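Consider the two complexes below, in which subunit A is the common component and subunit B and subunit C are the respective partners.
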Partner chain A sequence: MRKYLARRAVYAAVTLLGVSLSIFVILRILPGDPLVAILGVEGHARMTPTDRVRIMADLGLSAPLPVQYAHWLGDIGAGRLGKSFFRGDTVAELIAHRGPISAEIAVLALIVSWLVGLPVGILSAFKPNSMPDGLARAISVLFIAIPGFWLGMLIVLALLFWFGYKAPIVIVQLWQDPWRNVQIVIGPGLVLGLAQGAYIARMSRSCLLEVIGEDFVRTARAKGLREGLVVLRHALPNALLPVITISGVLLGFVLGGSVAVEQAFGVPGLGRALVTAVIERDIIVVQNLVLLYAVIFVVVNVFVDLSYAWLDPRIRYG
Partner chain B sequence: MSEHLDRRSFLKRAGAVGAGAVVAVRLSGAERAAAQDATFHPDPAAKRGGTLRYGILSAAAHFDVHQSGTVANIGPQSPMYDTLIRRHPKDGQTIIPDLAQRWEISPDGKKYTFHLRNGVKFHDGAELTADDVKATYERIARPPQGIVIPRTPLFATVGDIVVLDPHRIEFRMTEPRPKAYMLGAFASGWNIIVRKKTLDDNQGNLRQVMNYPGTGPFKHVSRQDKEVWIQERNPSYWNKGLPLVDRLEIYHLPPFSPELGSSFLSGKIDYARLLDPVSWRKAKEMPGVTAAAFNQSVIQAFWTNMQKNKALADPRVRRAIHLAMDRPTLVEVVKDTAPMQVGGFVYPFHETSTPRAELEKKLGYQKDIKPAVQEARRLMKEAGYAGGLRGLDFVVRDIASFKLWSVAIQAMLKEHLNIESNLRVVQTSVWFDEAKAGNFDLAISAIVSSLMDPSDIFSAWYGKDGPQNYSRWTNPAFHDLASQIERELDDSKRKPMVRKAEDILEQDPPLIPVAYEQIYDAWYNRVHGQNPSTYFGIYDVVRWDNVWLG
Partner chain C sequence: MAVRAARPPATGLREASPTSSVLSELARFSRRNTLAALGGVAGMLIIVVALAAPLLAPYDPLKADFRHMNKPPNAEHLLGTDQVGRDTLSRVIYGARTSLFVAFSAVVLGTTVGSLWGVACGYLRGRFDLVSQRIMEILQSFPDLILAMAISMAIGTGLQAVILAIAITRIPFGGRVIRSVALSVREMPYVEAGRASGGSALRIMLFHVLPQCLAPYLVLATAHLGAAIVIEAALGFLGVGVPPPTPTWGNMLADSITALVPPWWLAFFPGLAITVTVLAFNLLGDGIRDTLDPRLSPAFLRMMAGGRRG
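Then we have the complex of A and B:
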């Protein structure tokens, strides 16, 4: 097990190094001048070449690329993650302030996806090709097909025009005011959760249908166990492994989807910070946030892999 | 209840303001001093207290107001600062005293002397002196290396800035400029007065200094990036009785965004600036809400690269393109995205420009575009391009209104002149890179000016080396005339000269005007003391000292 963990840690480190290098290079070769955002359109138009040299030096952008990359890795090592080009805020502060909201949304989405997806999947698998199954499958496909940001916008507009309601416009952390905090995260959490729930419903249905046909399930039924017990105690645990695997993958979709969904709901989370940073060409913020997302994705997937051994005693890592 | 400013009432008010300015200019010295004793005082019926929740773009890229050109700075930061003189919050036009209690202009227009108020304190307790004003204006007029200030050209003729005593400062001009132009420059909301020590301590760069002391009516309390900036009443404000509200909460809500609209319509904010048309129309119908539209200092246009494309270097081709634009339709195309109005090469609402009724009779601005298209085709034929043009690279800034327009313009060019273009949508920063480098045939965007005065736009937009002359346009007759207009101190002589300049621009377009922007504001009727209907732009009256809650 230790060997396995060490191997996974090395793979993870190499993956993250690759991500950091890719994002660093991509951001530097993409067209677009961060000085437009800094100086504004008129200021940028009036900037002399000497001004440019001076400002680029101030921003640390005139150093050779390997030096800039080494500085960034140094900053990551020191936990500072660098400073935004613009206002001088550190990326660590940005993450500390906005991260909890985005994390809440991701966790809520995960909970919703399981709470909705699993029962729907079980219901479908219980009576395959029945009317409830058809309905559940149709709704699942619908939620997979609907873009989260569009659904988010509809919800925001419906709440506004029917009830004159809008969620708080500034971040309120859970520990500051739980009720206002819930109002911020509930919308994006539900939208992202329902979309992921649709995948889980489909996956759990197909896995359960497969497992339900196995001998041990037939034996359980032959013993006279109630159908509910057969499914929940015998079939479901054996059908969960692929569902857990897909949950890890889906977290990537949640992270990616949160960028657009936070924007649609106007939630000032990390996803929205990333969108703004991309528009402003604030490459220090972009590279750190992308790396953070990559770290989360890699770590979650390592945990998903490790959870197999816990869920299925037949699996052992050596 | 909405207050809409129509052309007639605008002209009346502008006329009154203009007449006032003329009278003030012609007063004798003593009378002039009395006329200038017009410091803004609060409405006697005004109530004190409360919190004003204001929604505006406020995620600035930095904190240096002088170096900025965006409302993201001036929106949240202006309440903490004062200027030397200012525009009256009632009409947004009349220039009144601010930190300078009065001023004198020498008869030859080459000396501007400002008398500063005594006892004005910065938020850090230091007293305002002429040295602070000198340091501020030296920086604006002659920025140090690495500091870029868009208003620098307004003070191009400022020679020496001389401190006469701690409360008196003189600006000596190398050559005179029209008074309205210079006073407008001094009254610009961008030119906030900062401490000399602040500039010295930060090597003249305030880009990353969030809370540098001002003398303004509000003081910084806290700020959460891209969320909210909270400010409180400055109890030691020099203008006793102001400000009227105890606290300002300035929320970062991007212009024309659903967030801004929904925050206002749900009552989360009291005052919204730069509403999208749909939310604004909804707000207009709401009881207890006032919605206002006013002119903005922005032209929406597309440029024709004269250096890269031989055909576009021909004035006849550019005029043909200009005439092929169905402007009322272009305004209609974006009516749910951004509020616009038809205009030519000079702000259509400026007193020296061709009046709207007259403009609408001209080719290129008529509702029936057939005669204009006919003339455009004739010009294309005359220039040798009767068969049209192929493969023009049309660079489009990635903003909703430009994307909508570019498709409409592409269709108009094809249908009217058989000009085929390929749209290339790029991010804002890339657009400016491409425009500066000349990597385009056509390029659509928007540009702003600090002043409504034609001389400001004639140099910045159409000047031979103008920073926003992306077409690389030159016209010796125009440049010569623009230079004369800039130096002409007599307004009655300037007006016909500006019209003549417009005529040159019509025949030899340096850019193709698409529309002029408007601003949509709305506020709940509990907010009193400010109605921007007659304002020009969103950069001059931005302090909220006059606003009270009822």
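Then we have the complex of A and C:
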């Protein structure tokens, strides 16, 4: 197990290094002068050439690219994430202030997806091709197709219409006022969770059906176990592994989707900070936030793999 | 008699004309997969609407009409008008054009590049494969939407930028699935025969391995159409997609929420168009997957799950 862990950690580290390099490459192929992008054409024209050189040097944008990249990695290692071009706050402050809300949304979405998806999947697998199964599958197909941000917009619109809902403007952290905080995160969490729940329901149904066809399940039935026990005790644990994996992959949808869903609900989370930065072409902020999202995605999937290896010894030694 | 018996058995080809065999094939497909057939028909309708947009749209999608601003659905404007009096129905119809064009181009581009890459990985193996797998892993380490946002920001907003951005997010899927197909195909006797008769690696990949990848390629491409449409819409919604005034379903939704109290018809219909389209293509994709390669489905899902197995 320890060897497996070490190998997985090294892989993840290499992947993350590649991730950081590709972010750097993507953002540095920006066509045109970054100063023009930041200041606009007029602002750029109004500056003297010496000012331009000084500001480029200040931003660390005039060094050769490999040096810039090395600096960036060094800064991350030292915990310095740089500053927004347009606002006073540092990226670290931005993350500390807005991160918790987005993290809550992601965790809530995960909880909702399992709470809804797994029971539905189990019920479907109990009586495949029955009416309830058909209904459950139809609903999950529908939820996979509905874009989360649109569902979010409709919910906000309905709340606005009937209850005079207003989008939260200020961030209320969980520890400041739990009730108001929950009001902020519950909408996005539910919307994202239901969409993921649809995938989980689908996956757990197909995996359960696959396992139910195996010999040991027939044996369990043959010795006279109740059907409920057969499915829940014998089949389910064996069917859960792929569901756990897909849950890790779905985190990518949650992280990406939350950016749009936060926008729909008007929640001032990390996703909205990223969108603002992308629109303003605030390179330093984009660079670090995109890296953060990728790091979270990779690290969570390492944990998914580890739990997988922990649950299924064949993988550890295979 | 002996000559007859020597014919290869079970080719499954009927002597009938090709069109009628395609038709009967289609009929069989729709009997078995009613939902998928429905999805296919709906998808075709949407494509026809997109192609015939200039004929079908009752108004010019870009023309503002200040006498009819913010009108709810009525007899003149079936789906109402927006803040500057543009007809919503016409914009949804023209939006289908942009959205489908972006999604189709992105999926074809991304899946094709990914598949060719995957064939090379699976056939050549060795160091090339190792490095390629790492690169695809890196591409898959980003949430799709976030990678697409970063890329489209870097290469500038515009139709091509959005297509390229979405295409890049599709590459690793093609790469992974087709690689595994190529890995198994390369061990087949006929490929070995090709090698033995002196075919170059390129020739064998192109003429012997690639044709075997057609079915999974089609499965992949249809399976990703829905995802591409959603990413395109999300980019438009976030204001980093195809820029206005070109109507896309995503930027129509973005437009609608700029109002203090968004008119419901502006928020509802473009989203409905996205949902119906994605639903249609997803159903069709599931049906094609089940038909072309029934063995694929569970394994396929797992492969889409990244195939991370230690």
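The working rule: the second predicted complex is superposed on the first by the 284 of 318 C-alpha atoms of A that agree within 3 Å, B and C clash if a C-alpha of one lies under 4 Å from a C-alpha of the other, contacts with A are read in each partner's own complex, and residues count from 1 in each chain.
Here, a contact is a pair of C-beta atoms (placed from the backbone, for glycine too) under 8 Å apart; a residue touches a chain by one contact, two chains touch by 3 or more.
The model shown is predicted, which means the values in this text are computed figures rather than measured ones.
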Which superposed partner A:Val172 touches (first subunit B, second subunit C, both, neither): neither
Partner chain(s) touched by A:Ala235 [first = subunit B, second = subunit C, both, neither]: neither
Which of subunit B and subunit C A:Leu108 touches, first, second, both or neither: neither
Which superposed partner A:Arg281 touches (first subunit B, second subunit C, both, neither): both
Which of subunit B and subunit C A:Val259 touches, first, second, both or neither: second
Which superposed partner A:Asp58 touches (first subunit B, second subunit C, both, neither): first
Which of subunit B and subunit C A:Leu160 touches, first, second, both or neither: both
Which superposed partner A:Met47 touches (first subunit B, second subunit C, both, neither): first
Touched partner set for A:Ala201, first subunit B, second subunit C, both or neither: neither
Touch count on subunit A, higher of subunit B and subunit C: C
Doubly contacted residues of subunit A, that is, touched by subunit B and again by subunit C: 31, 153, 157, 160, 279, 281
Residues of subunit A defined as touching subunit C within the complex: 4, 8, 14-16, 18-19, 22-23, 26-27, 29-31, 141-142, 144-147, 149-150, 153-154, 157, 160-161, 203, 206-207, 210, 242, 245-246, 248-249, 252-253, 255-257, 259-260, 263-264, 274-275, 278-279, 281, 286, 290, 293-294, 297-298, 301, 304-305, 308-309, 315-316, 318
Complex contacts: residues of subunit A adjacent to subunit B: 31-34, 36-48, 50-51, 54-55, 58, 85-89, 94, 97, 153, 156-157, 160, 164-166, 168-171, 266, 268, 273, 276, 279-281
Sites on subunit B touched by subunit A in the complex: 59-63, 67-70, 145-150, 152-153, 205, 207-208, 210, 224-228, 251, 253, 258-259, 262-263, 265-269, 426-430, 432-433, 436, 445, 447-448, 460, 467-468
Subunit C residues touching subunit A - in the complex, by the definition given at the top: 134-135, 137-139, 141-147, 149-151, 153-156, 226, 230, 233-234, 237-240, 253, 256-257, 261-262, 264, 267-268, 271, 274-275, 278-279, 282-283, 297-298, 301-302, 304-306, 308-310
